[in-house]
Structures are given as structure tokens and as C-alpha cells.
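After the C-alpha cells below, expect a handful of questions from me.
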Amino acid sequence: MQKLTLGNALIYGLILFGGLLMAFPLYFMLVFATQSRETIFSFPPPLVPGSIDQIVSNYNALMKMTDNTFWRVFYNSFYLASMATITTLFFCSLAGFGFAMYDFKGKNALFAVVVATQAIPAALNLIPFYLVMNLIGWINQPRALWFPGMASAFGIFLTRQYIQSAIPRELMDAARVDGSTEFGMFWRIILPLIRPALGTLGLITFIGVWNEFVLQSLIFRSPETRTLQTLIRAISGGTTATNVDYGGLMMGTAITVLPLLIIFIFTSRQLITGLTAGSVKN
Amino acid sequence: MKARTLIAFGLAAAAITGLVAAQGGMKKISIAAFPSLDEAVKIAMPALKKKFPNYEIELVALQYGDHHQALTTALATGQGLHDIEAVEIGFVGKFAEGGGLEDLNKAPYNAKALKAQFVDYTVGQATASDGRYIGLPADIGPGTTFYRKDILDNAGVNASELTSWEGYIAAGKKIQAKNPKIFLINSAASAAGLIWRSNIPAGEGIFFSKDNKVLVGPDSARWVKAFTVAKQIRDAKLDAKIGEWSNEWYEGFKGGTVATQFSGAWLQGHFQNWMAPETKGLWRVQDLPDGAYAPWGGSFYTIPTASKNKKEAWDIIRFLTTDRAQQIAAFKGNGAFPALKAAWSDTSFNEAVPFLGGQKARLLWKAAAQKIKPLDVNKYDSVAQTIVETQLTAVLDEGKDIKAALSEARAEIEKRARR
Amino acid sequence: MNSQTTIKQEFHFGRFYTRWQRILAPYVFISPFFILFLVFGLFPMLFSIYVSMTSWDAISGLGGMKFVGLDNYRFLFLEDTAFWNSVKQTAYIALISGLPQHLIAIPLAFIIHTGMKKMQAFVTAIYFAPFVTSVAAIAAVFGTLYSERSGVLNWLVLEVFNKIPLLNSIIPDDPIRWLGDRHLVPISISILVIWRYTGWNTVLYLAGLQAISQDLYEAAEVDGASRFERFRYITLPLLRPTMFTAFTFTIIGNMQLFAEPFLLVNTSGGVANSGRTSVMYLWDNAFNNLLFGDAATQTWVLFAIIITLTIINNQIFARLRND
């Protein structure tokens, strides 16, 4: 329908240019991951990916830098993000169901509390969080990072919105007549019906926990429990007297970023529609 | 489903590893360190395994800053501590004053008898004001001036001119006149940092006197000189404005665009191994300007009171610090200058260092190490340092008056320390 | 034949159970959130209020806390210039990294929503992709791109842009000191922040646009309104509630910026503390300077500042609505 005018061409040109800017750092992450340290820091810098040999050598450098713990650390991140996702899906949709399908005393006030907690700056909790985790001995324990967040306000909000808009209350009455318990209704009827919302919430949670940096760096100290984020930080040099092999480091960052990027490529439509639908009536 | 299976598998695997470790009768001892001390521990690993076959030794390395932060938070609550915690010299005084680390003077350690074996200042540095002694020194870093002989020769500068600050700046001007692309120093702030922490009378600190008086101020010759010299360097455009441990820093050494560097003796190892191996034979060392002697890095091993394997930890750190062969191995493999005086009699100390054009540099460092005095530490040192560095930047970048900057720095430090 | 009585009893109990589980069910379903919030959210916060009234180096353990009343607050308000400098710097970085996100995201969302059919999902995904990357990993990449003597950005500036006539007159001939100049450090941090979060805001605005009735646009098109006019007179006013939400998120998020600057310029905060945000400052105070009491105080004052800013934001939007 749109005519291709000069103005339109300019607009699409700009959007294309912006898209290139978005891809720019990711492209160079791949370039650096396949080049040697010397090449990365030469001038002019490398602009295209390197050879297979260099990929192998960067991979070996990464293994050496991490004392062969890299894949174990990768598993730690996977375990943490999976636990967070599974528990979040269950507890958030349960609470979302409670808020969406029941009328009970104090409902509005309680829901307002849920929404209000989202406005509390996370930084407020930084120091007390560490102290409390110490108190209960959860330092170095993955559960320190998935347990407290498994009923997140965001997830409750998202599932409540979806259940309210997608599921008629009459369905509940019908189920009750059939003798279903309240939890049974949630488990057998609601959960299967809200799969799209669960998909969105699951992706958001997995991505968020996988990428989280600050709390992970407070909690994980030993090489056995370390996650990808803390490992990348530990091997990236900074103000230390180490000879950081940037080829190996960039290989590590690529392996950290790529899995999520690939999952995202295949799920972006659902993720984004889920997000937009979830916050429509915000 | 899949995720759950994986998780179950992971849990089972973790349980099995735990079991195996327990069944083998191995005692698991963990050492937390930072670069490049972690390298020294790695080098010592085979010897440690041989000496203590029943210890399963695990090394945990974090970044320099992160390691000390993690140690601080772990000490705060007594959790997440390792059996052996390495501490850098800049932090050891602070940790000595707090609790949470074992007093090695006491039984069963009785480290008193060992102290005479180490360079004097390390003992003072690791001793708290109430006499507790918390760490055995792993290595030291006698401060020294590195200079590019070829660049100096080319500009007609004699190395002896670098021994006073006036001569040092004049040399920089000559170097730049010859080749405007070559800078005297990475950053003017490095010169200031050297001046304000050297030639300090025994018992005094960098920022505070023993009785907590702030030493920073426009009436302190040391501080005025530090700021003035840095300002002169910046005004003459002699510094490359490069931060240490940045890629630009390494590039500067590789490309030969920086003529001098004040640092610990260990920097030679970094030059040789990776920073600028191609500059072999071009560097030389000599004592710091104005007859200054200053510690430049160095590390200690400590044992947290919360460690469950104190005896084993003690065995390990005593071996690492007092075994002559170990100290020499760390020196040769990692450039870690021994804190153990007995190691200095090794023949390698009389040898010429090929990277430094055959200079017998280790004799120079040995002499310098013995002249370094312990610095008094104050719990507000790091606060004061931040304040001073901010003022120095204002002086260098914005032309703020030096006396005014130092007065402000004093006022701010006093506000903090009064509490 | 006594089954009848049994059935009756069972029925009775069943009814009782059914009734109570129906009343209690919603409370049980929502309880995990509240229990977790009390234990891991509220309790630590209350504890930190107490910590803010103590002098505590933390090394000496919980027993080493010394109660000092409101002295930390007095010090913070009257004497701690470094904290207020960090607030100033945080607000500055929050502004220059926050505003562009919305200036890009709003028109972008509008164009995606109105002008794109098949490409809609693809374009959104491209802009959203940075949001799924890890900050630790991507900061390492940006640090390399920013490198002064061998970075891709400076190569572009010196070797590509500088070779283009016209452009070369405004471009400097010396390498740009992305992370080495105190005026540039906030900008370099902001570029990373803008890169990561613009896509997120675009999605928020897309959600808002979907709530605007399509009929309005069609009516306007019939009246001959240009695309810009439709944007100006329909989209912008009706998007205000979304803008309010998105602005609030940005204010809360940007005022506690930590990971990006921390990873780019390190704990020290970069040249002349130009990249040191308030959270970095309080982190430094707690974990480096061992001033946990002060750090807790700074946390609460920062919280008050954030609340104030969101209230101001609220007021501005309320006034806009009334106009």
C-alpha cells in the first residue's frame, strides 16, 4: 500500500543503518573470537573472521585460561537458569491464576503490593542480600540465586494478564461441577491453556538469569560453582598483571552469548508478541 | 522433562564426586589467589603434590580487585573463606588490623622463629598495631626505574640523569626533542604516586601519621613535590596519558613509544614473557629517582580463622615461603622476587639478565629490597587514596592550584577519618 | 445396605473440604510470593536500615557493629561531596543514555507498527537482540572496540571517516580516547547502555501502539493526514501512558546503573571518577573501604532520590494529561 517515496526510502534507510549498528558489536565479537590476540590488537584491526586453525587455537587457549573448567561452568549457568525458569513458571502462573480467577478479600491491595515491589530498586538489596545469604549459608550455592526470585512480580503480572484475557471464568465453574479441586483445575486445565504465556515468561526468565552479573559475582566464589558471567569477568584481566589471551577470552564471550542469540532467533516472534500482549493493559 | 533429567544427572554427578573425594582420604585444601601469584602456585603444584600426597590442593583465582573484595565480604561474615587466602601488600596492613585471620605468632604456628628469614619490611607490613602477625610473604617487588637505553642514547641522555626529578624531566624534554612520538612516562600520575609513597620515615604512613593525623596537605614537602613534579611532566607534555595494565600500556612498550617506567622488579618478567618480548636487550634498570626505595607489589599468604584445615594450610604456606627451592622456582618461572633472604644466595642472582642487556640487575634489586621500610597503615588509606587521586586529576587536567587541591584533599580526608 | 449412610458422611466431608479449599485456594496460590518477599526482600531491607545507623567495618563480624544513630546521614548530607558527585555523574549518564533510547524507540516503534508488514518481526528482533546478550561478555567486546590505538572505532574514525572529504574537517586526527578522557567516559558507557536497551523500549512502545485503535488512523488517513501528522496528533498523545511507564523504568534502571560502567571502566570509576555511578560508589565503600554503615546509608538516600525522580516524572505526565 505504501508508496516508495523519497521520505520513505530515507526512513527505511535509517532503520537499516540502525539495525547494522545493533549487529556491529555482535559481528566483531565473532571476528575477535576467531582471531589471535596479536591480530585483534594490531592496526588496522581485523574486519573479517579468521581461519579454522585460529578458532581451534582460541578454543584451546580458552580451555587453558579456565583450567578446563569452562564446560563445567557452562553447565552451572545452564543449571541455574533452568532451575530459575522451572520454579518461576510454576509459582508465577499459580499466583497469576489466583489473582486472575478468584475474588477474595484483600485481592486488590495484595496485587498492588506485588506491582509495587517491582519499583523497588534492586541495588537497594545488594548489601543486605549478601549478608542474609551468609547468614543462612547459601554463599556459593546456586539456590541463593533462583530460590528468592521464583515467584517474581513480573511473572505474576504477566500470567495474570494472560489468564484474564484468554480464559473465561465459566470454565472454572464447569470444572468444579466435574468435581475438580482448585489446584487440579490449575494443573490440568489452566497450565495447558496458558502455554504461550509460559513460553514468553520462561524465555525471559532464562535469558535474565543466564545474563545476570552483579548478584552472581557476589555469590559465586569457587571454580566449581562459578557461572559464565563470573568466569568471563575473572579471565578478562582488567587491572591485573595477567597476559590475557584475548582470542580465548572472545571465544568464551561468543560461547556465552551465542546460545541465547540462537534461541532468540527461533523464538523472537513469540517472545515479543508475548511481551507486547502482556503489557497492553498495563 | 529434559531439563529435569539433566538436573537430576548433575546432582547425582556432584554427589558422586563428593563421595569419591571423601573415600580417597584426601584432604581438600583450597588456596585463593590473584594474578600473577596464581601462576606461582601453579608452578609449585607438582612439588606440593610430592611433599603432601594426602592433600588435594585447589586453586581459586580471581581478578586482583575482585579477590580482595571477595575476601573482605567473606571475612565480614566468616563464610566463603578458603583455607589459604593470598593478600597483596597494599591490603595486608588493612586486613591485619581487622579480625578473622590467624595470628601466626601464636601456637601452633609460632612464626616468630621464621621472621628473621624474610625481608624486614614484609614482617612489619604484616604485623598489626597490637602485635598480631598475619601473613608469610610469598614474594616482594622492590621498586626500580626501567628505562630504554637505546632511546636514551639516541637522545644523548645519560641514565644517571634520571636519578633526580629535575634531571628526569630534562631528559624527557631531550627525548621528545629528538623524537616527538616518544613519551617519557605513561602517565604523570605514576610519578606523583611514586613520590608520595616513598622516603617516608619508619612508622609513618602515606596518608596518616601513627596518631591518625592527616599528612596530606600544602605544608607537606612530600605531597607538594608529588603534585608539582606530576604537573611539570604534564605541562611539558611528556606523558602519554595511558593507564597501567591497559592495552595501550602494552602497545606503548611494544612500539617503543614510552621511554621509562617505575615499577617492581617483577615487571621484567612480564616484559620478557608477553608484554614486549621483542624489546629484549633494550631495557635497563636503576634505582628510583631521589634515592627513593619503595615496595612495588608483593604478596602474603594468610590463614582465615574460619578455615577448617589450619594445620594443613600452615604446612603449605610454610613450605611455599620458607623452602629455598620453592622460592627460587617461583622466581625463575614467574619473576616473583623472593621474600626469603636465603634464596638470594642462589647463583642466579649474580647472573647477568639477558633481557636487560646483560645487566646484573638482581643484585641491584636485592640491595633495594633491604632498604625498604614498612609503612604504617590506616583503615582509611583507600578512602584517602581516592580523594588524593581525584584532586591530582583536577590539578593535571584542569589546572587547579596545587596548594588549593592539597588543602581540599586534607579537609576531605579529615572529614572521613574523624569519624 | 449401610452404604447410604457412608455416602452421606463422605458427601458431607467432601462439601466441607470443597468449600474451604475454594476459599483458601487463592491465598495459598499467591502466598509463595509474599513469603519470599518477606524473607528475601523486606527483611534484608529492614536490616539495612539498621546497618545504616551503625559504624561497621564488617571484618569484625556482626558483633563489631557500633550504633551511631543518624550520624551517617548527617555526614552524607553535610560532608560527603564524593557521594553527591557520584549522584551528579549518575544523573548525567542516566540522562544521556536514557533520553536517546526513547527518542529512537518511539518513532521506530511507530514505523514498525504502521509501515511494516512482513518485516515487522524481523526488524523488531534485530533491535531487541542486544537485550539478550550478557553484559559481562559484551563489555569485554566493547572494551576492545574502544581501544585507543587498535580499536575498530578509532580505525573507522581515523582511517575511514577521515578520508571522506567534508567529514574530515570535523573529525580529529588523533585517536579518540574513549575510555581515557573524562568527558568521553560517560558517553562511551552510554553508547553501551543505549545499544542494550533501545530494543527493550521499542517493544514496550509497540505494546502501547497495539492498544491504540486502528480506526483512528484510518479516519485520519481518509482526512488526508500525512504519516508525520498521524504520528504527531494521534500516536504521541495516545502513547502517553506507555511513555510514562517506559520513562519510569528507565529512571529506576539508569539511576542504579552498575554493571555496564563497572565492567567498562573497572572499580576505580575511570578517569577522574567520570564513570563512577552512585551504586559503584557505595559498592566501593562497602567492599573496598569496609564502610558498610555508610554504604547502607548511601543506598537509602539513593532510594529516596529515585523515588523523588519518579514522583516528578509522575507530576509532569499528570500535568500533560490535564493540558
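First chain written, first letter: the chains are A, B and C, and each begins at residue 1.
We take it that contacts are C-beta pairs under 8 Å (C-beta built on N, C-alpha and C of every residue); 3 or more make two chains touch, one makes a residue touch a chain.
Note that the structure is a prediction, hence the values are computed from the model and not measured.
Under the stated contact rule, the graph of chain-to-chain touches is complete, every pair of chains being in contact. Looking at B-C alongside A-C, one finds more C-beta pairs in contact between the chains of A-C. Centre-to-centre spacing of chain A and chain B amounts to 38 Å, using the average Cα coordinate of each chain. Centres computed as Cα averages put chain B at a distance of 37 Å from chain C. The mean-CA centres of chain A and chain C are about 15 angstrom from one another, to the nearest whole unit.
Among all residues of chain A, those that touch two or more other chains are 41, 131, 233, 236, 238-239. For chain B, residues that reach two or more other chains under the stated contact definition are 65, 73, 76-78, 247, 251. Chain contacts: chain C has residues 147, 149-150, 266-267, 292 touching two or more partner chains. Residues of chain B that touch chain A in their complex: 3-4, 6-7, 10, 30, 32, 34-36, 58-66, 70, 73-74, 76-80, 244-245, 247, 250-251, 266, 270, 273-275, 297.
Residues of chain A that touch chain B in their complex: 41, 67, 75, 78-79, 82-83, 85-86, 130-131, 134-135, 137, 139-140, 217-218, 221-223, 233-234, 236-243.
On chain A, the positions that touch chain C within their shared complex are 2, 7-8, 11, 15, 18-19, 21-23, 25-26, 28-29, 32, 40-45, 47, 91, 94-95, 97-99, 101-102, 104, 107, 110, 113-114, 117, 119-129, 131-132, 147-151, 153, 156, 176, 181-183, 186, 207, 210-211, 213-214, 228-230, 232-233, 236, 238-239, 246, 249-250, 252-254, 256-257, 260-261, 264-265, 268-269, 271-272, 275-282. Note for the complex: chain C touches chain B at residues 55, 57-62, 64, 71, 75, 79-82, 147-150, 177, 180, 182, 266-267, 271-273, 284, 287-292. Per the touch definition, chain C reaches chain A in the complex via residues 18, 21-23, 25-30, 32-34, 36-37, 39-41, 43-45, 47-48, 51, 104, 108, 111, 115, 121, 123-138, 140-145, 147, 149-152, 155, 159, 195, 199, 203-204, 206-208, 210-211, 227, 241-242, 245, 248, 252, 255-256, 258-259, 263, 266-268, 279, 282-283, 286, 292, 295-296, 299-300, 302-303, 306, 310.
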